[in-house]
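Both complexes below contain subunit A, partnered by subunit B and then by subunit C.
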Partner chain A sequence: MLSFILIILAASIFTGIVNRVRSLVSGRKGPGLFQPIRDVVRLFRKGSVYSDTCSWIFKLAPSVSMATVLMAMLVIPFARTKGVLSFEGDFVFFAYVLALGKFFSIIASWDTGNSFEGMGASREALYSTLAEPAFFILIGSFAMLTGYTSFYDIFRTLHFGSYISYLLGLLATFVLITLAMIENSRMPVDDPRTHLELTMIHEVMILDNSGFDLGLILSTSYLKFALYGALIANFFIDIMPWYIAIPSFFGIQFLVAIAVGIWESFTARFRMSHNPQFIFILSSVSLLIFFGVMLVLHMFN
Partner chain B sequence: MKAVSIHNNQSIPVKSIPDLSYTEFLEANTSLVINDRENHCVNYFGFPFEDGIRLVCCIANDHDHLIHISSTLLNIDREYPSFSSLHLSFEKFEREIHENFGIKYLDHPWLKPVRFPFNQYDTANTIANYPFFQVSGEEIHEVGVGPIHAGVIEPGHFRFSCNGEQILHMEIQLGYQHRGIEYLLLEKKKLLQRTTIAESIAGDTVAGHTTAFINLFESLSGFKATEDLRFSRMLALELERIAMHTADLSALCTDIAYQLGSAVYGRLRTPIINFLQVWCGNRLAKGLLRPGMTHFPFTQALAEKLNAVLDSFEPDFIEMSKKLFSLPSALSRFEKTGVVSEEQLLEMGCVGMAARMYGVSRDVRFSHPHDLYSDIQHELIIKHHGDVYSRAQIRKQEIIQSIAFIREMLKSIPEPKEAGEDLQPMGKNMLALSLVEGWRGEICHCAITDSSGELEVYKVKDPSFHNWLALAMSVRNNEISDFPICNKSFNLSYCGHDL
Partner chain C sequence: MALLITFLALTLSSVILIPFFSARWKGKLMIGTVLLNSVVSAIPAVQCFLGFDFRLTLPGSLVTGEIPVSMDALSSWFVLLINFTMLTGAFYGHSYLKAYRDQRNELSVHHIAYVLVHASLISICVLQNSMAFLIAWEIMALSSFVLIIFEHLKHDTLKAGINFLVQSHVSVLFLVLGFIWVGTSMNSFGFKAISDFALLQPHASSLILLILFFIGFAIKAGFVPFHTWLPYAHPAAPAHVSGVMSGVIIKIGIYGILRMLLLVRHDFISIGYIILIVSVISGVYGVMLATIQHNLKKLLAFHSIENIGIIGMGIGLGCLGLGYGIMPLVVLGFAGALLHTLNHSLFKSVLFYASGNVYQATHTMNLERLGGLIKKMPKTSLVFLVAAMAICGLPPFNGFISEFLIYSGILSGLKSANLTLVWMLAFAILGLVSIGGLAIMCFTKAFGSVFLGSPRQTLRSNPEEAGPLSLFPLYAGILLIVLIGIFPSLVFQVLNKPVSQFVSISGMPVQAEGLLSFPGLNWIGVASAGIFGVVGILMFIRWKVTHKREIVTGPTWGCGYVAPNPRMQYTASSYVRTYRKLAEPMLSIDVKKTEISGIFPEVGKHETHPYDKAESWIIDFPVRQLQVFINRFSFLQNGKLQVYILYGVLFISLILIIPLVYDKIVSAIQLLNQM
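Then we have the complex of A and B:
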């Protein structure tokens, strides 16, 4: 339960920090850290407008996306406390429950019959398909290393034995940050700030959403970022008393947000056709982790 | 004699323009353009004359600094062979003539209306029943963008036929901004009204269009501009070039989501346009240029201020450009994106940056110098790849060049003269033509006066008129997500085209 609450708390400022870093780096003062939350609160007070051509799927999808992220949060442990749910193979549950949310947002964007949204949906589907192997090779490797298949057990036993696990955790951090950027359609794969429908991925899929629904979609995306941040934190927070563990959880989230902000400030977005190559890099880094694990387990004989 | 040859900003009696038969007219003009790449059509227009339509064609030769003008008289009821089937650069001019007067062409490839204006010949022809190009196939999809722009710029409709992410063809439809500029210039009789309208032809090219109008008007009235007037016009043009090129580089960075470039170039533009405000009270130089006079003489104190502005602008600009043009992620977006070949450029008659990006040396400052441009050593900036990178590089180098020009100019500021003579009325039955190199490219204004010395025809040609087609060609076979940077790298004017 602790992790569930911590993720919600971290989500409330994560995007604010990213935006603030970007502003400071480009010489502007920038909005307050809680501006994203204020935006969502404002949207929650509004009603939604629906086009005549869309069906119940379009109305259902934002809630499904939100629900799936909340469900995924349930299996995330924190230090020595289990998540709300914990069972064998819960990382598979984690991945596919998120995929379900994505599936709904894709079919909802088709539902509008908007040609921009169709384009965005096809890009989103392609990139999440390409990103999937990276996640499974990554968590699979750690499952192999520890011999367990639930997040809680993996993280509990990760650092027994060899310190090489911290090194693997560092590589995993890179993969997870990048995955979070892809899943949330941020730079360098997608540019959330552009006004150009033709180049967007995620933003263009939600062009027709407004008011309460848009608020749901935005808060889903904040939660998703913090969700990946929490996974990263778990790689490093070992057996610690809570008064060290909780600040270090926020510290790690903070560092991840700053890293994202700086990365987004100093690079241009990729050409769309280079994105698949970039995403495949993640799979190869995950493979590196996989071979690292095999090395640790003396499987090369 | 097939044509009368004039220099830039020269006015001649209408009588001296040879009146050819249509066949001769067609052959003479198309062969000029086909046989010599230094020739290009700067204006080709019609106006009602007696009971027919008189066509006037102006072909500029960049090599011998001359503009060849010829004319013919058409009968509305007959059908004519088109220039466009021989050389495509006449395509849009003929479409405009067709749209305004209903001249029928036998073999024009594409008689699409240019503007769907309220004052066209056939008002039944509207955007609602216009048949766009269609590409069909199971995997082909169409994406329509506009006419309402998602951001802040002007209205235009783009229709893409795509195969997945790849653009097969893009058709551009403009005309949503048609304000009837050319008619307003005839309708309004006061000089101040006309100058203000000329300032509003395109908000981003105020100095360019106003200079063209003023030079044309002064030429028709036989007024010789004093050196300080010509100085202020050239200075305004060069400042506008710096400001707009910097803004374009900022916008290019925004479109590739490179935040640093976007912020830094955006900041750099501000002191330049703020200087214009200090000079004349308007950041876009509105009110600065007036025929035969100026309200804002350029003083030594302003020169010092401008020098200080440039001193702080230049190092920052160079540092940022170094960073941008060596950033791998930016280069991978710019290079080999939106390529237009040299043959295509010549065929479409592109001007300005769009011509210079692929080895075509077209620059009015060099080929038909006006104001003080004949006094400076102007080296053309020519690139050879025709891609977004070339267009961005041209901007960067032209800014540095313009700064050098301005520094040179500031060394000797002409004494402001007291406005001695008043403007004379315009000459009777005269034709005058004025070419100006705006930041976007060649601007052409052309006017004809009637027997009472009043304007009878006024034609405006913005560089965008030629160059829009180049944008359509550049995006072919590119990814649809690269369209925004292709568009920005041309940065063409909607209102300059729609008039």
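Then we have the complex of A and C:
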């Protein structure tokens, strides 16, 4: 339960930090750290506009996406405390429950009958299909390394062996940050600031959402970022007392947010046709980790 | 014995009686027979799960020898799932065929064939004698052929039916080869002879025997590259037949493979690798092709191949577990395979029935023409949505449970120190993950383009929701889909018995209370219920917050364009275009397009015709070569009667002369030897 609360707290400023870093790098003062939260609160207070093409799918989808992210958060452990749901193979559940949310956001954009939204949905479906293997190979490798298959046990026993695990953790951080960027449709794959619908992915899928639903969608994506940040934090937070663990959790989230902000400031969006190649790189890096684990386990002898 | 006689009497009497009833009563009689047969066969099946195996030996005949009839846990599992889907199929078929009331003769044959398919499927599960097994198998193959060609006046239907008939007899050929090999070397056609054969013969021959059986059953089940009949047969058949065929008839191939694995207890490592590789390829290839289809039923048919691949992965993993002695792999692999067999029979039949509803409302299965049906057919679309999520393996539905078991199996195998095994498992994970991702893409496309948005083309008739009779079988399937998703550990306990049959092969002890305590499943049940709960709470909060707010309805935001029309919507092919481009080297897609160019452009066109590369290599190419070869002899067929008579005379004389000449040669050689 501790991780659940911590993720919510981290999510409330994560996007704020990313935006702040971006504006500082580009020489502006930028909005306050809590601006994203204020946006959401403002949206929650508004009325809604629905398209007459839409059905109940469109109204249900944001809640389902939010629910799946909340369920996924329950799986994440923190230092010595298990997640609320912790069982063997829980990372499979983690990935599949997030996929459920994606399924709904895709059909919701089909529901509007807007061709731009279909375009976004098509890209979202393809990119997440391509990104999924990276996550499974990554966590699968760590499961092989530690001999456990739940997040809690993997992270608990990760650093018993050698310091190579920290190195693998660094590679894993790269994969997870990039995955978070793809999942949230951020910079190298998608530019959330673009004004051209043709080049959007996630933003164009939610064109028709407004009011409460839009607020829900935005807060879902904040939570999702912090969710991946929490996973990364778990790779480095060892067994330590809570008064070290909690500050280091926020420290790592903070670093991840700064890294994301800097990365976004200095890269341009790829051409759409280059995105699949970029995402395949991720799977290759995870395979590299897989090899690394096999080396550590002396499997090639 | 009484059960057996009732079963046979019921089947025979309804087969004889169906033609004499009126069109309306034929269907009712069929449902009645299927229902009674299900009850009769479910009694021993349920008893078996309670601990009393059903065993019986029929005297048989001189040719077959004794025919043991037995119902062990594996048979019971399959009998129960066959009964359920055949029943929903019968109910759905009864209301689906209302539109065809005037075709009395077709209806008689169709209903007789349906009863026979059900009876023969059950018989296949319980007969333990190769000869009897083959006879039941043949009845099943022929009657499913009759079921497929219900609309036999359509050219495509007949062609698909004949394709099915030919291929299912190729499958019979492999089975006959295997059974005859065992029969001649062991002098018995009982299934026990097969396990004796594996014990007595050298290792290589039992592996070859297993491969023969695997190919035979794989053609029925639809493993790549033996799948080519499947995408034709499913769309051609009426919806309830497609549902039943995809749900249970192809599963009998899975039953056959599992049964043979129980009998030929030998060299599980090689066969495990073979099955696993074939299955991963089937799974990925099936879903890759499914994603680019335009016809809803064809899309579903390719998904059957994918799901057979997932089931096969479970079987392959289980075999590898047996071979390397990794207990969790055995348990989770076979449990995953068996559960996915049930799950697939549930959601696939529901999907086919729902597509039947769509077909009857719109008279088309072309994804590019449909759209917006969720407003006209809300119940059908809800059912389709749930089944689609289940087939994608998403929680909180049943598909996730079986895929989770297979994942857990793979992960438990990763602890092994065997390099080849670990490589194979990594390959299997990659396969399973890609299947999951592509399935989501495919079903968002199917659901989105059929039910969401606005109609992409004006339909001739105004689509209406199907009646409650057509919906009832769908609800029954959905109920089980949700229940298995929320109470997975209960199902897992039922699976204990059939799985322990496989565990006992390895010689490892089976605990009395059940081998498997798998606490993860309890948690998954909780999590599944949790998803429903959290969505419910969020929807409640949403309602609380927004019900007093101002709600405005307007047209979809067209990004500044003020006159968008339904034809400008994204279509199924545009949705998968990027994927198609990416996968093009691996698939064979025929694209025809006319670009818009010039100042006064002509009408632009874009057509894609997906074709199966495996089919063109494995079926079309050899058939063409064979035709070329046989055409060389076409001069023999010159239409002159005298010449034909000459052929006959030549043939008879050759038959007579060859043995004589052979004898002479043999005696001449002997003479030479003596000198």
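Everything below uses one rule, namely that the second predicted complex is superposed on the first by the 301 of 301 C-alpha atoms of A that agree within 3 Å, B and C clash if a C-alpha of one lies under 4 Å from a C-alpha of the other, contacts with A are read in each partner's own complex, and residues count from 1 in each chain.
Definition applied: a residue touches a chain if its C-beta (ideal position, glycine included) is under 8 Å from a C-beta of that chain, and two chains touch if they have at least 3 such contacts.
Bear in mind the structure is a predicted one, so any value in this text is a computation, not a measurement.
K.L.:
Classify the contacts of A:S115 with the two partner chains as first (subunit B alone), second (subunit C alone), both, or neither.
P.N.:
A:S115 sits against subunit B and subunit C alike.
K.L.:
What is the contact status of A:I57 with respect to subunit B (first) and subunit C (second): first, second, both, or neither?
P.N.:
second
K.L.:
In the superposed arrangement, which partner chain does A:E183 touch: subunit B (first), subunit C (second), both, or neither?
P.N.:
neither
K.L.:
Figure out whether A:D153 sits in contact with subunit B (first) or subunit C (second), or with both, or with neither.
P.N.:
In the superposed model, A:D153 contacts neither subunit B nor subunit C.
K.L.:
State whether A:E197 touches subunit B only (first), subunit C only (second), both chains, or neither.
P.N.:
both
K.L.:
Of the partners subunit B and subunit C, which touch A:S265 in the superposed model: first, second, both, neither?
P.N.:
first
K.L.:
Between subunit B and subunit C, pick out the one touching the greater number of residues of subunit A.
P.N.:
Subunit A has more residues touched by C than by the other partner.
K.L.:
A:E132 contacts which: subunit B (first), subunit C (second), both, neither?
P.N.:
In the superposition, A:E132 touches subunit C alone.
K.L.:
Determine, under the contact definition given at the top, whether A:G89 touches first (subunit B), second (subunit C), both, or neither.
P.N.:
second
K.L.:
After overlaying the two complexes on chain A, where does the subunit B footprint on subunit A coincide with the subunit C footprint?
P.N.:
On subunit A, the overlap between the subunit B and subunit C contacts is residues 115-116, 118-119, 122, 197, 272.
K.L.:
Can you list the subunit B residues touching subunit A in their complex?
P.N.:
Going through subunit B, the ones touching subunit A are 141-145, 150-151, 164-165, 253-260, 262-263, 267, 327, 329-330, 332-333, 337, 479-484.
K.L.:
Going by the contact rule set out above, which residues of subunit C touch subunit A in the complex?
P.N.:
These residues of subunit C touch subunit A: 371-372, 374-375, 385, 389, 392-395, 400, 403-404, 407-408, 411-412, 414-415, 417, 419, 422, 426, 429-430, 433-434, 436-438, 440-441, 443-444, 447-449, 452-454, 518-520, 522-524, 526-527, 530-531, 534-535, 538-539, 542, 545-546, 549-559, 564, 566, 568-571, 574-579, 582.
K.L.:
Spell out the residues on subunit A that touch subunit B in their complex, using ranges where they run on.
P.N.:
So the residues of subunit A in touch with subunit B come to 22, 25-28, 115-116, 118-119, 122, 187-188, 191, 193-199, 264-274.
K.L.:
Subunit C touches which residues of subunit A in the complex?
P.N.:
44, 46-55, 57, 60, 63-64, 66-68, 70-71, 74, 85-90, 92-93, 96-97, 99-100, 102-103, 106-107, 110-119, 121-123, 125-126, 128-130, 132-133, 136-137, 140, 143-144, 147, 149, 197, 207-208, 211-213, 216, 272, 276, 290, 294, 297, 299-300
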